[in-house]
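Got a structure for you, written out below as structure tokens; questions coming shortly.
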Amino acid sequence: MKVTFTQAEIASIVQPTRTLGSASEPIRGIATLGAAEPGDISFLGNLKYKTSVPSTRATVVLLPNDYTGTPASGQLYVFVENPSVALARLCSRLEGELWPKPLPGIHPTACVSPGAKVAPTATIGPLCVVEHDARIGEGVHLQSGVFVGHGAQVGDNSWLMHGVVVQAECTLGRRVRLHPGVIIGADGFGYELVAGRHEKVPQIGTVEIGDDVEIGANSTIDRSRFGLTSVGEGTKIDNLVQVGHNVVIGRHCMICAQVGIAGSCTLGDYVVVGGQCGLAGHLTVGSGAMLAARSGVKDDIPPKTSVWGSPSLPLLLEQKIIILRNRLPELFKRVEALEKASAPKG
Amino acid sequence: MKVTFTQAEIASIVQPTRTLGSASEPIRGIATLGAAEPGDISFLGNLKYKTSVPSTRATVVLLPNDYTGTPASGQLYVFVENPSVALARLCSRLEGELWPKPLPGIHPTACVSPGAKVAPTATIGPLCVVEHDARIGEGVHLQSGVFVGHGAQVGDNSWLMHGVVVQAECTLGRRVRLHPGVIIGADGFGYELVAGRHEKVPQIGTVEIGDDVEIGANSTIDRSRFGLTSVGEGTKIDNLVQVGHNVVIGRHCMICAQVGIAGSCTLGDYVVVGGQCGLAGHLTVGSGAMLAARSGVKDDIPPKTSVWGSPSLPLLLEQKIIILRNRLPELFKRVEALEKASAPKG
Amino acid sequence: MKVTFTQAEIASIVQPTRTLGSASEPIRGIATLGAAEPGDISFLGNLKYKTSVPSTRATVVLLPNDYTGTPASGQLYVFVENPSVALARLCSRLEGELWPKPLPGIHPTACVSPGAKVAPTATIGPLCVVEHDARIGEGVHLQSGVFVGHGAQVGDNSWLMHGVVVQAECTLGRRVRLHPGVIIGADGFGYELVAGRHEKVPQIGTVEIGDDVEIGANSTIDRSRFGLTSVGEGTKIDNLVQVGHNVVIGRHCMICAQVGIAGSCTLGDYVVVGGQCGLAGHLTVGSGAMLAARSGVKDDIPPKTSVWGSPSLPLLLEQKIIILRNRLPELFKRVEALEKASAPKG
């Protein structure tokens, strides 16, 4: 992929509040402050790296409005409200080159049921399977090897990558992006023990994925026992996440990698779940709650509450207890000293 | 999917011990007690929801035999031994509509080796690959994009969903259900460090899956170094579970999502492993043992023992220690107070 | 798979330092010491099993040079420097039978872009997709259902199994082995919250996998925001592992199953990460560091350091604290006793 930006393009995309210095080279690459070479654009996205700005060799540097400093000769400082967002918007243009919009149409190797409804602007890539009564919206792109089961729906402008599975009757909203290996609508895990055998509880519900949801590679969202498993508009889910049957996730949540959410949990809006967290079944997590990485949650969490630990506690309490736990060797010695001091002299 | 049940059908499927009241509407849906509308059937599966029964708007309610209460006008109470099982059996009929039995035959896009043996009643869906010497039993359904390697066997009436992989020489029993993305028989993780490089230990054994096993989406069961990795009859495994090489899992176990079982572990029968547990290699877990969610196990577990924690302890001890851990701030204060009290006055 | 070894073959493969006794049967199987029958070869790979050697019924036993003992009648002891390595080399020959080298060529059902470069000795199996500008090296084997995106490269003699995805512009070195369901180059997890919505940070970098890397089933390696996510030469990764964007993993590391490595971590060479560990973002782990299973790491780890726990501590300290934690019930009683003793009498 070739990166090329003129200064005019950069300005039109990032809308700078002001600039300082002047760039002497066209932009041909993007790099971190430390790794940048002349010809690169870089950015200060995390104040941790502030001290790297003066020494960066980047030709253009995106900086927050309140940064104070002077560019080197041939170097341009571009001030913006949020350098990370500014960079993301520059990268959006490049993303279009990495993933050029494919031509509409159905690849000859795809197996599309005559009973499926495929919008004329959709692209069905090679070796996809679309079953009867499935509906594929306008501008949808099924990359290749994608399976869409009977009665399932894929909303307009959604993008399903290689090997994604949308089982029967599940529905995706608009602009949904599913990375390779995502499985929507496998059976939830439900059995009844009858006479020494686990009798299957059929999972006859479905999954509903809202608009603008993105789900990472190899994550799995199970269909409900009956009714719906649902993921709200704008929620983002990372790789290898498990969402159990009948879970309801609100809007604009962030679910990091390898999280497991057991059946029938309800999450509000703007919930953040750190990597490798686990939630027991039937919990309610209030809007704006934050679960630090690797938390194991077994009780409801009120809105706007931060928790940590396994089993989880309020964040500040867990932080305190971790420190005290690490002082257990000292505590045992102190108790021993007290015991010696209080022992009857002999 | 259309839900329709007459009262006669419900009675013939759930075999009620008695009924109370009379229903005025045909059944067109299934819902929880709280969400049900007239026309729905609901059930009391968890006593936690007992207080929702009097106010439910469901037309038919499945109740345990010892429930006492009076239906509303136009409402029918149906008493059964286990309402969850009764509902599961009703849902089984609907499941047949969700997943209608496909016609036997091999889809023209499937690649089936002339050296494979496919039973005449089996269905090989689109874009499947079946290699030479593979054997596909009677009534088997390979949904689509399924891979069955050379010498592998799929037992009668098994159902492998999109993208399932059964590598060479692995065998599945009868009525095995594998959800999308399950990988049977990838290499176990074994190396020997020789002269600074990890030299591969070839994994030339296989995997044997028993009758009536169900495995959830994207789970992985590794082939053994030599000999067998095996999963016993009737065992159920959830999504994103990892089973290492040479593991032997007994019959009728329940392995919840995201569990990891390291190589050469042996689990007895009826073992329950909660979500996100991890087992170190070469452990023996006795029959009927129960591992609470997120346990990290590094020692053998005797039969019928419950453990929790990481590293795990007997369940009751871990519960006690968790409470005491949370009281560490108090304990430090108490020790400080004792130290002050015992300090020489001056 | 048929196992057959003559004594001469065994000797030529394992290069014994000496032998003792004489075998009366040809070798037809491989088994552990305890399970072996006459006709099997076995080995003492772990000193834990030393006491099983005298009673093993194996016809040939691979033993470490310093083992002292006498074979039974008709039994051959073969002494080698490392019996596990010796067995691995024997198994390598069998592995060639399990996975015979396929004939070169492109299967008629594969979709290979005319703009892709496929070496004449490569094998492209059924239902694979190779996009334009992709390069497939000499001796490469794409098993089936493999996807290689535009501009991606697969180095000589690499082996990609069913359903592997290598997204656009990612590169694999030579002799890379990717098990089924591995996803290389899905988007990293990056968003900026703008006006209440998570705005996508495009992930326009790539992934670079070094020579001799092996990655287990359903693991995911995300493409970088820009620049590279990379896995160094000779590193081995187990199943269901998540490697975030911009992570740099050194050479000859071992990453066990279900590990999660958050974005922008840097691991040195010969790092060992136990199963189910999690690393927070932007950490540096020094060469030769060892993370015990289920560690949760949130701080940098110096080279050659062993850690354990979550949040992790130096290994020996964590071991000590775990013991003390388990003694909390006792400690509370001791403090209570001190309090009683120091209470004013009355």
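What to note about this one:
We call the chains A, B and C, going by the order they appear; numbering starts again at 1 in every chain.
Following the convention adopted for this analysis, a contact is a pair of C-beta atoms (placed from the backbone, for glycine too) under 8 Å apart; a residue touches a chain by one contact, two chains touch by 3 or more.
Predicted, not measured: the structure shown is a model, and the values here were computed from it.
Rounded to a multiple of 5, the C-alpha superposition of chain A onto chain B involves a rotation of 120 degrees. Under half of the residue numbers found at the chain B and chain C interface occur in both copies, marking it as a different-residue contact. If you average the CA atoms of chain B and of chain C, the two centres end up 26 Å from each other. Residue positions 109, 127, 145, 163, 181, 218, 240, 258, 276, 310, 325, 331, 335, 338, 342 of chain A each touch two or more of the other chains.
Residue ranges on chain C touching chain A, taken from their complex, read 109, 111, 127, 129, 145, 147, 151, 163, 165, 167-169, 181, 183, 186-187, 189-192, 194, 196-204, 218, 220, 222, 225-227, 240, 242, 244, 258, 260, 262, 276, 278, 280, 296, 298, 310-311, 313, 317, 320-321, 324-325, 327, 331, 334-335, 338, 341-342.
Those residues of chain C whose C-beta lies close enough to touch chain B in the complex are 1, 30-32, 35, 82, 84-85, 87-88, 91-92, 94-95, 98-99, 107, 109, 125-127, 143-145, 161-163, 177, 179-181, 212, 214, 216-218, 234, 236, 238-240, 252, 254, 256-258, 275-276, 293-294, 310, 322, 325-326, 328-329, 331-332, 335, 338-339, 342.
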